[in-house]
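These notes open a run of structures that come right after.
What follows is chain A paired twice: with chain B in the first complex and chain C in the second.
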Partner chain A sequence: MNASLDGVATPYIRIAGVSRQYGQVRALHDLSIDIAKHEFIAILGPSGSGKSTLLRLIAGLDRPSTGRIFFDGIDVTDLPPYKRGIGMVFQEFLLFPHRTVRENLAFPLRMTNQPQQKILERLDWAEAILSLRGLMDRYPNQLSGGQQQRVALGRGLVTHPTLLLLDEPLANLDRELRNEMEVEIRRYQKQLGIPFVYVTHNQEEALSMSDRVAVINGGRLEALGERQTIYDHPPTPFVARFVGKSTRFDGAYNPATGQIELQHYNYAFPYSGAFERKGDVRAEVFVKNERFQLSPWTAVATGIACTIADIVLRGPFVEYILETEAAERIIAVKPKTSDQAVLGTKLSLSWDPAACHVFPAGR
Partner chain B sequence: MYAQASNERLTKWLMAAILVAAYGFLYMPIVHILFASLSSRPNFPYPPEFDYGSYIRLYTNTVYQSAFLNSLIIATCTSILSTVLGFLATVGVLRFAGRKALVYAAFFAGPLFVSEILLGISSMSLYYLAFELQGNMVTAIIANSVHCFSFCFLIMAALLYRYDWRMNEAAVVCGASPVRVFFEVMLPLTWSGILSSLIVAFVLSLNGLDISFYLLGATPTMPSVAWGALRYGVKPELYALSSIINILVFAAIIVLYFVARSDRQLSVE
Partner chain C sequence: MADPDNRWNRRLFLHVPAIFLVLFFVLPLIALVILSFWQTENYKIVREWSATNYVTLATEPAYFVFFVRSLFLAIGVSIFSVAVSWPIAFFIVRHGGRYKLILSLLLAVPFLSGEVLRLISLQGMLGPTGLVNGVLLKIGSAPLRFIMYSNWATFIALVYLYLPMVVTTVYLSLLNFDFRLTSAASSCGANRFQVFCEIVWPLNLSGTIVGFLLCFIPTLSASLAPRFLGGPSGVLYGMSIAQQFGESGTWALGAAMGVVLFLFSMAVLGVFSLGIDLRRTGFTGMGRL
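Now for the complex of A and B:
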């Protein structure tokens, strides 16, 4: 799967060296992404990272300062949005309040001058696939949030667009509905076989739905890769912090022992990666919360000494809130087991050296 | 307890009396003119003795007729011109002005505070100086539009303030060209503001004496004919004319009322 994605000869969507400058502010900086035809790609970044700007550039709602955008080999950089043949779903849904569900769904079909027969066909299709039966003659303000979201999706998909752009479409829904829609949206993408570009600040959404994840920070592309790779092997400290739930430690590389020694704790682990500079070099260490190993504290234990301050049940998982001797709190996630841990129990916290991510932090 | 109840009743009656007095103050002159126009004794029409003679004379009076027609033309053209300009200004201020929106808005609303007579005189001399334009219908329409523009701008800005401009983006990514975005999405969602602006500009320029007076010279409009008539003694036709204008204006206000109501329903639903 990885090979087919990396070895795309002519990508379906090509974003080539795109920048966007607003006065003195650089919203996007020389950004390039290729998207394959059947791909679900998530653009993940914190607010203000430029991810929505990127989406607007792809939609044509904004023009790049430099760089070009290609759809299926055709340069669309100078085309207005209404000539790009795209679909788009907004966070606020933006259904037309003066039109019924049926009219909202028919709108893009009418705007692209489809024949009446085709319009009826596509409306039936949308009604069935989005389970909108019985809602077609309602007005948007008579629908629940989830129903409005499905209509918004339908309006984006009904013309069978070149690609679908989604701008945080689940941000206004409650948690349960969100999980449901994540599965639904991914199913539509697989059925339709068109690329979905999904902008979100929610890493769980990005990981649960997409094939590949592009992490954007400060207008720059921090990482681009398969979701599993991004999660397991974050290429930068930012990605390590932003994707998944991790704990950060300060440490230093000791070339004499070949180990990383943590700053506030009497804990060291072997490290085989390369540091650019010789000598004692500071390092940032990230450990995913579910990769911590916990064992009972003994006199010969080598891990970080800590006590259980609290236990949070999360369905099949348990979060152990651990307090270290440096009075810092660390969260360790473990599958729920039948044996009950007791608050105040002293434990030894450690991790597999291969499971953590170390970044040189300069001298 | 009984005293309290009677006190409440007294307050109620008192408030009702004040309300009646206030409405009386506002509407007595208008009702009086209506009575006078329908009476055979226009100078003291009470008790009324109905007679439609003044309306018939008005109908056969060519000066009044051409004045009515001129006023209608000026009012129609002015309301359309100032509404179009006001709409563009509103879009500019609400969409593109950003943090300086209030400054731009203040300058658009500014002409509101210039007196009409000053605007009339200065427009006359300016158009003549700059373009050697003699006063005619076109200059009257332009000068009236200057005056009405600010009203139109304020009315539409107040009503378009809550319009979600991202609706336009939602429409444009659906494949709608800018023209279709306007007619399919923006107009249906903002027509109440636009219609209110048209009506207010129409009424203002229909009744405005000063601006048209200085710019039109000999061409009669309703307010100028009415003003001229005053100098040669009030005739019953004038009462009839005033009544007709008042009825027109009231019809416009009733339309405005229903526009506002249907608009509120759309947003509350």
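Now for the complex of A and C:
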């Protein structure tokens, strides 16, 4: 995979062919990512994909089995974490419970031997930017989740780190707070102009905050690119399944008609891409849930026949839970309109051939 | 608690231990205090109120010497035990893996035999014809005199007796310690030494102090270990108390010595519990954060 050359002019952080093996288990396999100085990059993957291992390697909390890591041109592979000048924010916040907010924030400054004047300056800065006024002398257990998260962020940022590593920092917050913090974290990144490496299993978080997304699966880099590109043009079936909400269909390519014919449904659509190997006919088809087209069922309808089993309101969107004749459930997402759809209505489901993702699935 | 069942349960839960404590802890203590203000003459108790025993303790320098000797021994044994316990407990918690529980139970194995038995076996190790000196003599070397019937032998015995207590307390403390905090600290720029001093040690300080006291207080009053392993010189406070209640039959003086010991131990506990801000040891009273 040529991902390391993907659109980064001057790599600030360079991860070059990094692998990590634990006994027989390969947690990471030959992974390369270049990160630019002002970039917010999300490392997205399911649990156990190796994304946290990658973060620990960048932080220096663990060493790669092979490969090198460079910060601003300097090889830091063999440096311990305290010599790397990084900031890190953890999922469980991991504030020091025996220290007040002020002491937690001052900790990285003291550890790096900053003069007293500088410490006070930076504490004021953190207090202001993270709106921690009035909380500085409290202990972590006297803070709400959101406040703890802000202190954790402050502790990561207070020393002007080379980069900030975030390990699922929002996973322990409730939904509303999470959305608020997403905006805030992105704002800090733009303000500070240092790279943020954000590890998450939540594709919504990855898409909403980052400039680029690296998708990791089974210790390998599945995809690396602009978030819009990853979303609109997933390069592998895994990415198509994992990023965004989509529905998967089995189908087969018919070379005679140039169409993909679905397996369980009487539905076919033209396909212009080439199947790589001769004889590959089976195909996996992914359609994003918001890309489905719905129309009333008529005698001449060519789409997949289905009925509305349920309707879920999601603010400005409506989720139609559709039941097909093969007793499969498909979710179609549409903007909310004023006209009421009725449960049990028969519909024809189709999609724009250009809007779906087709992957050869062998014979 | 309006619910009568609940009230009955609460009574049962609180009153049974309360009654037990009053009967077997508070009353004997009061009896001891009363006895310390009486006298003993010719192996008989004379019910005459006076502070003579305390005056004797304050004016007779021997008792002061016994006490200071015991105090230094107890401090030495406790500090040594804590220092040895930390690496052991740390190793078990970090590298014990699935054998963690077994390893920590192994430390309690000596407890499975009686205290006297353990002291006698130690006598076999340290005595003039014991294993250590026996081997030294065999290979033509001079025996180690300082471990034969001396306070050094007592020191070794007391460490042997109470080390499992200290290791277990430190082990339990470390077991509840969130080691991910060390990752957080090193990502903040702390080196290994700083991680230990700033995070690991303070957050396990309360557990360590409990371990220290569990060793310190019984050691301060130790009488069995010095009787088996100590020499004729270097009498310790606990031995002296045992003597008052034994050969010399001066029970009232012994009681006064006991009261002094009790008050001193209480004072030590008080100093530790008042002198330590639990917040600074990460104790929130609400479990782990």
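One rule holds in what follows: the second predicted complex is superposed on the first by the 349 of 363 C-alpha atoms of A that agree within 3 Å, B and C clash if a C-alpha of one lies under 4 Å from a C-alpha of the other, contacts with A are read in each partner's own complex, and residues count from 1 in each chain.
Keep in mind that, in the parts below, contacts are C-beta pairs under 8 Å (C-beta built on N, C-alpha and C of every residue); 3 or more make two chains touch, one makes a residue touch a chain.
Just so it is clear, the structure is predicted and the values come from calculations on it, not from any experiment.
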*Put chain B and chain C onto chain A via the superposition and say whether they clash or fit.*
clash
*Now for A:Glu92: first (chain B), second (chain C), both, or neither, which partner does it touch?*
both
_On the A-aligned overlay, A:Ala59 touches which partner chain: chain B = first, chain C = second, or both, or neither?_
both
*Could you look at A:Met111 and tell me whether it touches chain B, chain C, both or neither (first, second, both, neither)?*
both
*Which of the two partners, first being chain B and second being chain C, lies in contact with A:Glu121: first, second, both, or neither?*
neither
_Residues of chain A that lie at the interface with chain B and also at the interface with chain C_ = 59-61, 80-82, 85-88, 90, 92, 94-98, 107-108, 111-112, 139, 141, 155, 159, 165
_chain A contact footprint on chain C (complex, rising order)_ = 178, 180-181, 183-191, 194, 198-199, 202-203, 279-282, 284, 286, 289
_chain A to chain C touching residues, read off their complex_ = 56, 59-61, 80-82, 85-88, 90, 92, 94-98, 107-108, 111-112, 139-141, 155-156, 159, 165
*asked:* For the complex, give me every residue of chain B touching chain A.
replied: 164, 166-167, 169-177, 180, 184-185, 188-189, 266, 269
*Please give the residue numbers of chain A that touch chain B in the complex, ascending.*
59-61, 80-82, 84-88, 90, 92, 94-98, 107-108, 111-112, 139, 141-142, 155, 159, 165
